[in-house]
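In the two assemblies presented below, chain A is common to both, partnered first by chain B and then by chain C.
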Partner chain A sequence: MIPEEIVRSPSWYESSARNRITGLLDAETFREILGPAERVMSPHLELFDLPPAFDDGVIVGRGQLDGKPVAIIAQEGQFMGGTFAEVSGAKIVGLLRAVTASAGTPDGVSAVLLLLDTGGVRLQEANAGELAVSETVRALLGVRAAGIPVVALVGGRAGAFGGGGIVTACCSHVVISEQGRISVTGPEVIETNKGAEEFDSRDRALVWRITGGRSRVLLGGADSYVKGDVASFRAAAARSRNAAPPFTLETMAAEQDRLEKRLSSYGDCRDTPEIWARAGLADPASVPDIDDDAFLALLSEREIKHDAR
Partner chain B sequence: METFTIRARARAPLPGTGRQAIVGVVASGNLEILLERSETDNDVVVDVATSARGFRAVWEAVVADFVTRSSPGGVRFSIHDNGARPDTVTLRLLQGVKLLETQP
Partner chain C sequence: MTPVELLTRLFPSGHEVVAGPFNTLAGRAILTDGAAVEIVGVTDGAPLSPEIAIELAGSIIRIVQDGKKTPIVLLIDTASQRMTRRDEMLGLNEYLAHLAKVVTLAGLSGHRTVAVLYGAAAAGAFIATALAAQTLITIDGAHPSVMDLPSIARVTKLPLEILEKKAETTPIFAPGVTPLAATGAVLENWTEADNFSDRIETVLTLEASSDTRDTLGEERGGRKVAHSVALRVAAEFGKAAR
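The block that comes next holds the complex of A and B.
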């Protein structure tokens, strides 16, 4: 039997991309575009003798959140590491462009929810994947320029790595859980290139201490920290849709300023507890160990906020 | 990868009116199944694309067992498998028909 508590509040980390969408949107409102039965699949994986997925690991569509229309994109991190590839990338870019085109019309949406769960570009179709990432960045900024916030939700198994890390950083607001990770170069890649002395990818505590949700929200790589259940992500998505900053030159200048200050304050630190100590946290070593309630209390006590985005 | 089609006859058409459903994910040791109510009467068609070669006999046994336990007449099952064990395949098949039966 599945414990009652798990049935009642499913975990974001454990859920599939489809189940995350179901839990995030108002009941029965999701309308998928290019659903599985259309069989728009990767033309490349067969050459590598690999089974494709009916949705190529990305689900896109429209629905409602608290009665207001939203567009939604969800990557399935368990299929090929949630990778950006030709078909999956085209689905993401296509939806973002459609959102921009429909801004201010009756089909306009209140926000785009981007459920990232990706290791980055799919190596079997790397050129198409790299193009997909850059086209996604451009299309995403187009959506923001049209006045529509793009909210990133990060808490899946694959995290948001490679191009996924770059795309996350371009969003209006980033929501993350303890399990969520954001970075560009993944731990294994750093270890392969620089050695285990530089970064031991098997040291899970180290990986989460550097790339994990708590570090990201403390440093401003993410804006909202949530407990790891689907309902908490839903509440944060609804809240942050209204809290997103305008996409203006002033915001960009403030963001640049914020990042420069962060680099000059902490650029020489070797690990995150050093940063927390310098930032004045009372017990820096305990940050990864306290429970979610205590961590949320720490965030609100210290009024940790990073406005520009 | 190996692809093949298994055909069977069920005792009865699958109850309910849902047209299509999808279950599972093409993760390691897992599979996805797209179910479509596209066959006539009691016909059952199972299209398999699997990363594991040489297990057709096992697939046929799993499907035969499933068709006996359930009554999935009129349904086409399209499977993308990434090395799932037979018990996982049975579980997903049963999940799939349950979903198709109960959805509006």
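The block that comes next holds the complex of A and C.
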């Protein structure tokens, strides 16, 4: 029996970035920084005859989660694919730098929530977007080094692709739903470069088996699996900020070990059911088809948690 | 330029850099004052695979574990990240992020980190290698990019000739050293006439604890608004707390 508040909670996948923020934070606590009224827009889209957005597709600010202050960043995947660009990226970088500078002061926050919904770098602003990703990585790791966890939430329509996939894996903890996808090169780009026999991007089941939330959490690429409603994301965000690994040499040595073992254990596999069979799952072929309750039960039996991120 | 030629020009006092697995390099070099520098590299334009990323990261972790805070110079000639279904299935994003994290951790732990791009680097591989160091130097002939123009043309659905024309008016999207330097990614580009040994020793002495690439992009006019937007957000952050 699904609790009533979850039945009524809106879908993360279907929600806009603003509605995700509203549903994630305590009521009436969100304070946006450089909101749409300020009209801080991309100066480059005009060159391509593309309409800009008043927030450039990124919403940043602060609020509270269960009464504790948090900083929040949300990409709007429906505007230019939620891409990293000069302005959208600078909003993210500026917020992360401010979080680090305020650590230990009365303005400090308990965590940063990063709501990824992105195809990666905005190609119309490719160089600015690439640098924005690199600056985001450095600023995000600065936040973690200051002892503040950064929690990635992935379940939007655009997924977390390109530089967005790299940024996701730099976070302290990754929360994902079945609809969430994490990857670097998208299936379409692999197909364009290497052919449909390498990766058939129109085979939706295959795309999800390779990049989707269930595959990521089983392999250790995501840490918390949630049902696809906003309330479940909120509960996972509140839980995970207390259990995030610090950004230290010990953590990185543990991640080195974790990722080396993955390569030696599964490096010759061609599809995820092969990995799951080798990992000892009783019925690997059923993993994409069972419902969320059954999948969560399967996860709770398996103890795949790690502190190596 | 081959890695051997590059090493000879950077470190005429000598080096013990050797080839490792998967087109990687690792070893020590000596500066003219006798001080040591750790070298880690990727060669031959090899697409960045999970294997290469984990090999480079492992070398850097061992250097940081050594505790001597020796400067680290990354010599980079890669391509984009390797584009295969297998690599994505194995979580290539985690391997690239791990490498970027380890390079960043070295910088935060007191190692001076400088990347010397002497070949290509693109897309996610560029972020995980050359752009992860505190300072990026390019050698004449280097080719950094996010995506090549024909691919940008395909995704943006614009004819290539139109894109090439637009690239003459702005450094914001075109590949290459000049536009990327204008946006602040590259500190210096060295040409054949430069004394690489003098230059690297000077660059290694520069203070680099904070990320000033957006300031550089503003000064050079290639990224006019990023720095000011980031500053405005930071200024509002405290006010929003009250």
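We take it that the second predicted complex is superposed on the first by the 302 of 309 C-alpha atoms of A that agree within 3 Å, B and C clash if a C-alpha of one lies under 4 Å from a C-alpha of the other, contacts with A are read in each partner's own complex, and residues count from 1 in each chain.
The rule is simple: a residue touches a chain if its C-beta (ideal position, glycine included) is under 8 Å from a C-beta of that chain, and two chains touch if they have at least 3 such contacts.
This structure is a prediction, so every number in the text was calculated from the model and none was measured.
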Check: Sharing chain A, do chain B and chain C clash or fit in the superposition?
Finding: fit
Notebook entry, point to check: Which partner does A:Q78 reach: the first (chain B), the second (chain C), both, or neither?
Noted result: first
Next item on the list: Classify the contacts of A:L24 with the two partner chains as first (chain B alone), second (chain C alone), both, or neither.
Entry: neither
Checklist line | chain B versus chain C as contact partner of A:L298, first or second or both or neither | finding: neither
Notebook entry, point to check: Given Cα centres, how many degrees, to the nearest 10, is the angle at chain A formed with chain B and chain C?
Noted result: 110
Next item on the list: Figure out whether A:P52 sits in contact with chain B (first) or chain C (second), or with both, or with neither.
Entry: first
Next item on the list: Tell me which partner A:A90 touches in the superposition: chain B (first), chain C (second), both or neither.
Entry: second
Notebook entry, point to check: Touch check for A:S16: first (chain B), second (chain C), both, or neither?
Noted result: first
Next item on the list: State whether A:V151 touches chain B only (first), chain C only (second), both chains, or neither.
Entry: neither
Margin query: I want to verify the contact counts: of chain B and chain C, which reaches more residues of chain A?
Written below: C
Check: Can A:A37 be said to touch chain B (first), chain C (second), both, or neither?
Finding: first
Notebook entry, point to check: In whole Å, what is the nearest CA distance you get between chain B and chain C after the fit?
Noted result: 14
Notebook entry, point to check: For chain A, what residues appear in both contact lists, the one with chain B and the one with chain C?
Noted result: none
Next item on the list: Using the touch definition up top, name the residues of chain C that touch chain A in the complex.
Entry: 50-51, 54, 57-58, 61, 64-65, 80-81, 83-86, 88-98, 100-102, 104-105, 108-109, 123-124, 126-128, 131-132, 146-147, 152, 154-156, 158, 166, 169-175, 179-180, 183-185, 211, 213-214, 217, 222-227, 229-234, 236-238, 240-241
Notebook entry, point to check: Any idea which chain A residues touch chain C in the complex?
Noted result: 31-34, 40, 43-44, 47-48, 60-62, 69, 71, 86-87, 89-91, 93-95, 97-99, 101-102, 106-107, 121, 123-135, 137-139, 141-142, 145, 160, 162-163, 165-170, 182-185, 189-190, 192-194, 198-199, 210-211, 215-216, 219-221, 247-249, 252-253, 255-256, 259-260, 262-263, 266-267, 269-272, 275
Next item on the list: Enumerate the contact residues on chain B facing chain A in the complex.
Entry: 1, 20, 22, 25-28, 30, 32, 34, 36, 49-51, 78, 80-82
Margin query: Which residues of chain A touch chain B once you look at their complex with the stated criterion?
Written below: 16-18, 36-37, 46, 49-54, 57, 76, 78-80
